[in-house]
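I have a structure here, written as structure tokens, and I will follow up with some questions on it.
A, B, C, D, E and F label the chains in the order they appear, each numbered from 1.
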Amino acid sequence: MARADGRNPDQLRPVTITRGWLAHAEGSVLVEFGGTRVLCAASVQEGVPRWRKGSGQGWVTAEYSMLPRATNTRNDRESVRGRIGGRTHEISRLIGRSLRACVDYKILGENSVVIDCDVLQADGGTRTAAITGAYVALADAVSWMRERKMCKGDPLVDSVAAVSVGVVKSTPLLDLCYTEDVAAETDMNVVMTGAGEFVEVQGTAEGRPFDRAALDRLLDLGVAGCAELTRLQKAALA
Amino acid sequence: MARADGRNPDQLRPVTITRGWLAHAEGSVLVEFGGTRVLCAASVQEGVPRWRKGSGQGWVTAEYSMLPRATNTRNDRESVRGRIGGRTHEISRLIGRSLRACVDYKILGENSVVIDCDVLQADGGTRTAAITGAYVALADAVSWMRERKMCKGDPLVDSVAAVSVGVVKSTPLLDLCYTEDVAAETDMNVVMTGAGEFVEVQGTAEGRPFDRAALDRLLDLGVAGCAELTRLQKAALA
Amino acid sequence: MARADGRNPDQLRPVTITRGWLAHAEGSVLVEFGGTRVLCAASVQEGVPRWRKGSGQGWVTAEYSMLPRATNTRNDRESVRGRIGGRTHEISRLIGRSLRACVDYKILGENSVVIDCDVLQADGGTRTAAITGAYVALADAVSWMRERKMCKGDPLVDSVAAVSVGVVKSTPLLDLCYTEDVAAETDMNVVMTGAGEFVEVQGTAEGRPFDRAALDRLLDLGVAGCAELTRLQKAALA
Amino acid sequence: MARADGRNPDQLRPVTITRGWLAHAEGSVLVEFGGTRVLCAASVQEGVPRWRKGSGQGWVTAEYSMLPRATNTRNDRESVRGRIGGRTHEISRLIGRSLRACVDYKILGENSVVIDCDVLQADGGTRTAAITGAYVALADAVSWMRERKMCKGDPLVDSVAAVSVGVVKSTPLLDLCYTEDVAAETDMNVVMTGAGEFVEVQGTAEGRPFDRAALDRLLDLGVAGCAELTRLQKAALA
Amino acid sequence: MARADGRNPDQLRPVTITRGWLAHAEGSVLVEFGGTRVLCAASVQEGVPRWRKGSGQGWVTAEYSMLPRATNTRNDRESVRGRIGGRTHEISRLIGRSLRACVDYKILGENSVVIDCDVLQADGGTRTAAITGAYVALADAVSWMRERKMCKGDPLVDSVAAVSVGVVKSTPLLDLCYTEDVAAETDMNVVMTGAGEFVEVQGTAEGRPFDRAALDRLLDLGVAGCAELTRLQKAALA
Amino acid sequence: MARADGRNPDQLRPVTITRGWLAHAEGSVLVEFGGTRVLCAASVQEGVPRWRKGSGQGWVTAEYSMLPRATNTRNDRESVRGRIGGRTHEISRLIGRSLRACVDYKILGENSVVIDCDVLQADGGTRTAAITGAYVALADAVSWMRERKMCKGDPLVDSVAAVSVGVVKSTPLLDLCYTEDVAAETDMNVVMTGAGEFVEVQGTAEGRPFDRAALDRLLDLGVAGCAELTRLQKAALA
């Protein structure tokens, strides 16, 4: 099956990771997966949330949001509606959980890092681009902390990257763009460590249920995609 | 490894499915997975949400909530806090998606079914118990509609059941109770059709990343658990 | 006048009070007045609200809510709407005030009891059933505290029960079910102590104003009904 | 017992009812019960709420609120807090119900009257002053409508007035001021028609439960107080 | 051009400043600019907001609001809508900033004054009337504090007054009433100190952009109007 | 006085206007005033708000927001807080009013343009940069509409630009950066048409009141700055 942009089924879109995009944030990255463009800003804060005080351990959390005109038609702002939608909540939680998988809280000490992932432009895979970029922003924020001796060693025990995979017209594809995402029968997000282990696997039957063989083929694609993204993260941080 | 309640690793807790627990709802089920107790009420409404009007197709949605004292310590009500939390949003969306996987919207016609899943008592696996019970409530609501000729045929193309699996102290376990859930290194929810295909797979590394072999073992457990739950749903509906 | 369910005008519906319905709560009761079914959970918390700190006195409060499909047609959740309605506020306040009438705060010490009254099924008289059941849940929570020496003596100076009365087609009736409640010209809720004194009297002209004689007849019915409920509470606690 | 302001137990505070206090409202009254000062504005609106459309019947509703510095210490605005408190809800509902007791909806036709009762200064009895003043504002709004032939006859079938009564140091008192209200063992609000029938009776044991004799003495005081207020309303409207 | 009420273009409406309108507030003023009537209540509170603690400096802030029927047609309450509108926010901030221009925070000490400006009736210029009245209420609150030795000297370094000006049918006018305000091509609010310096100048092209000459003429009118209001404030405080 | 970045008092920071920064929006601009970076997206929508339907006239509105880490320290999201702050409201209103000053609604027809101005990075003057960029985004959106014959002619009757001016250490300065803004005694925003007339003038005494001479000097600076920005807008659109 030919993809709209001529890619092979197992090929990522062009990925760019631009570090230091913001002047103020301790770590910041503009990450692009094709037309998807997410600004990731890591903010270091001394101290931890109340429920964690006195534990000697740090905390990492994330907030995801989309600008109103990131998409093809304008969406109302969640601030104007006065409440955060379920999709936003769900993705913010996923990003936070994913990043926490590579952090040693004790080495981080009682410090917090909040990573804001704002989608400036959306073309599918915004949550996986966000995780991939957020890790790099987190790494820069951690370097900033280490320069200031805020932590006793390297709190990052591994790296984290993520990619979407899905079945479109019976063909498993890597890194779906928006039109592919809409047409997918099955959609899966795979979050992995640099060491090649799973942090999160979320597969959803959009159009029809899927069998174990389809699940396995999607996991294969996701594993390969994350490995390539891990390579790109390393190159960006080099 | 011995489980606290003496179960085998691949054994479900005692499951009861009590139909018709409420007088008013078109379908209602009190479902129990051990100490987890969820009241599922299916409400039939003529018409569909605005964005679906004129499509000739129906809609199924779900809302999940937990009573303040379902858990070991009391949680504030989301109505009092004035906003729904991320976890509630996420689970409501999961239940809705899962049920929609077994519905033929065209046969349903322009009717809606809302399924309220209220956790009266929580002991792990509330979302999977909710999905399993909600399907039975939905089936009863659909029977109610068919008696009234509201749909032209059976809109349920299959059944749906769900179970949690996880790795605790390196042992894969089926249907985690609360203490097991808290101790799990990896946690996965598996939603399947009666025909044995996947609707949703959500695996999360709680403590440490997991490899492909662990993922496969958890899927095996989940497949077997869902098959048993499908059998119990059929018995309850017989 | 014959009542729909064959009761005499001065007769309560079948009342059941099931203690210990929940595993986690310090006191819990499923109370049923005919088809009205309310789950009352009493949660003990060390400490008191900020405005009461250092007083040496405790606090008792209540929250009332109705599940979306407790009623004949589904109501939107207040958590989804993002605000608590006036009726909910009013009833929560009434239940709290009623229970506080039987508590000696000094003996309770600086401890709080929150009583959640969730209506699982509604058929009229939900607030009076809630008060009647909540007292029993409170009594169990107090026993739990006394076993743990959290208070220096018995903080319950009396019991509290409540019942609705009303005038339907010119006949004063005790314990109105939903269809009677809707048809009532005058509606009154009576809350009384076990000793037979009034805690709260709320009479409302629904259809037409009422005179002193009607008020007196309603009070007579309410006094008798509360006495019977007091007897049932004592039996349940025996 | 001597009252702080020298009144007899069965004596109202000085009551003034100033009509036409606002230039824009169809009916407006500044009502004063001693130091309690409530501005009541009746707004006529063509049409009725959605649930009443096509019924041929009108609607009357009320909203109560207190300015932040109506009281001895400043209260935060409910608009700033983003939610209406339980007390405000409860009183708004009481005022609406009370006024509706004197309205014939069919004669009113499909028109609405909203009565805003804003407490400019509080010294006890704000809700009863509000009801008493709101009736006069409603009467003026109805006259305004009748001049414009918006209704076919007089939709007011009677008048409505309200007063608080309470037991302070074992003495039943009429029309409690703030310091008396705080000291009251029992507190009751009585709403009556001009014809001397009850619209609403709300008695609450603040400090200790009360017996039937106390209830009767309070009702006697309330009946006399409402009769006097009815006389003052008539004089104001003459 | 003749103005509807016969005023000259450079003439204020009748202004009345009634001090001590409320019994409880430390300073209170009912200010009237023609048909515009604003109740200003100054509340003294010991202590300052958290971000200012330990600075040795005080704080002054304001909240503006309009009663629902202050205007020709009824507006919904912001408390009912659950959020404060942009216009309310903007005016509250303007009043606070204006008053702070005449306060020496160090002399005020760590005390706060909150000034509530509630529009009882609106006929144009509500924000400028509010500022003019709020200053007088603030002055009375400051006197109250000085009597109690809460501050070491006079924290008011000057007075503040405000007036609206605008161009209607090409004629610059002082102190616009509502009908003039609606018809204005340009609208400006001028806030000045008693010493004749500017605190705030906000000019807006409502219908068409304005040139420097028009701006100058409006400023001339505003300067004269504020001088007259300063005189009236002094007289009221004498 | 030497400015931190070596500019003359009457010199703008480097200004860049990048059109077409977003793929989806009908008009989009990334505008930079030195370190201030605002993304302006103009969205065309058929139809107008309800209150304007049937008028034959269009509508233009704007929403301003700041990303959490646009500033030196992180700010909580307004969507998370559940309400929009006063500053955001105020600036959104200012931008909308400013743009509307150059639009002929009748030529626009019953179409709406919403302009989202999201501050990606803040270094003073975000509202004036937003207005200046938003005009260019609006112009592009209007061209898009004209290509599709959505309006009968050019609805833009002029251009609009804005700049901040202020007095720092007694020196009037053009286009304040953040550190200058914080130190300013007086702060003014000037919005002007391309023809050199005023749309909005907002001057505020931050530290001390200002006299007419200072006001005049600031206006002179603002007039010159807006003329230069108008030239840059024209160049960008050429």
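Basically, contacts are C-beta pairs under 8 Å (C-beta built on N, C-alpha and C of every residue); 3 or more make two chains touch, one makes a residue touch a chain.
These numbers were taken from a predicted model, which means no experiment stands behind them.
K.L.:
Where the contacts of subunit A and subunit F overlap, which chains show up?
P.N.:
Under the touch definition, subunit A and subunit F have no mutual neighbours whatsoever.
K.L.:
Could you find the chain whose CA centre sits the greatest distance from that of subunit D?
P.N.:
Farthest chain from subunit D, going by C-alpha centroids: A.
K.L.:
Just curious, how far off is subunit D from subunit C if you go by their C-alpha centres, in Å?
P.N.:
Centre-to-centre distance between subunit C and subunit D: 27 Å.
K.L.:
Averaged over CA atoms, how far is the centre of subunit A from the centre of subunit C? Could you give it in whole Å?
P.N.:
Centres of subunit A and subunit C (C-alpha means) sit 50 Å apart.
K.L.:
What whole-number Å value describes the gap between the mean CA coordinates of subunit B and subunit E?
P.N.:
Roughly 59 Å separates the two chain centres.
K.L.:
Spell out, as numbers or ranges, the residues of subunit C touching 2 or more other chains.
P.N.:
Residues 82-84.
K.L.:
Name the shape of the chain contact graph, picking from line, ring, star, complete and other.
P.N.:
ring
K.L.:
Which chains make up the ring, listed in order from subunit A with subunit F immediately after it?
P.N.:
Once subunit A is placed first and subunit F next, the ring gives A, F, E, D, C, B.
K.L.:
In the complex, go through subunit C and note every residue touching subunit D.
P.N.:
Those residues of subunit C that touch subunit D are 83-87, 89-90, 92-93, 97, 101, 158, 188, 192-193, 195, 197-205, 208-212, 215, 219, 223.
K.L.:
What part of subunit A is in contact with subunit F in the complex they form?
P.N.:
Result: residues 22-25, 28, 35, 39, 41, 43, 45, 63, 65, 67-74, 77-80, 82-84, 88, 114, 116, 118, 120-121, 123 of subunit A touch subunit F.
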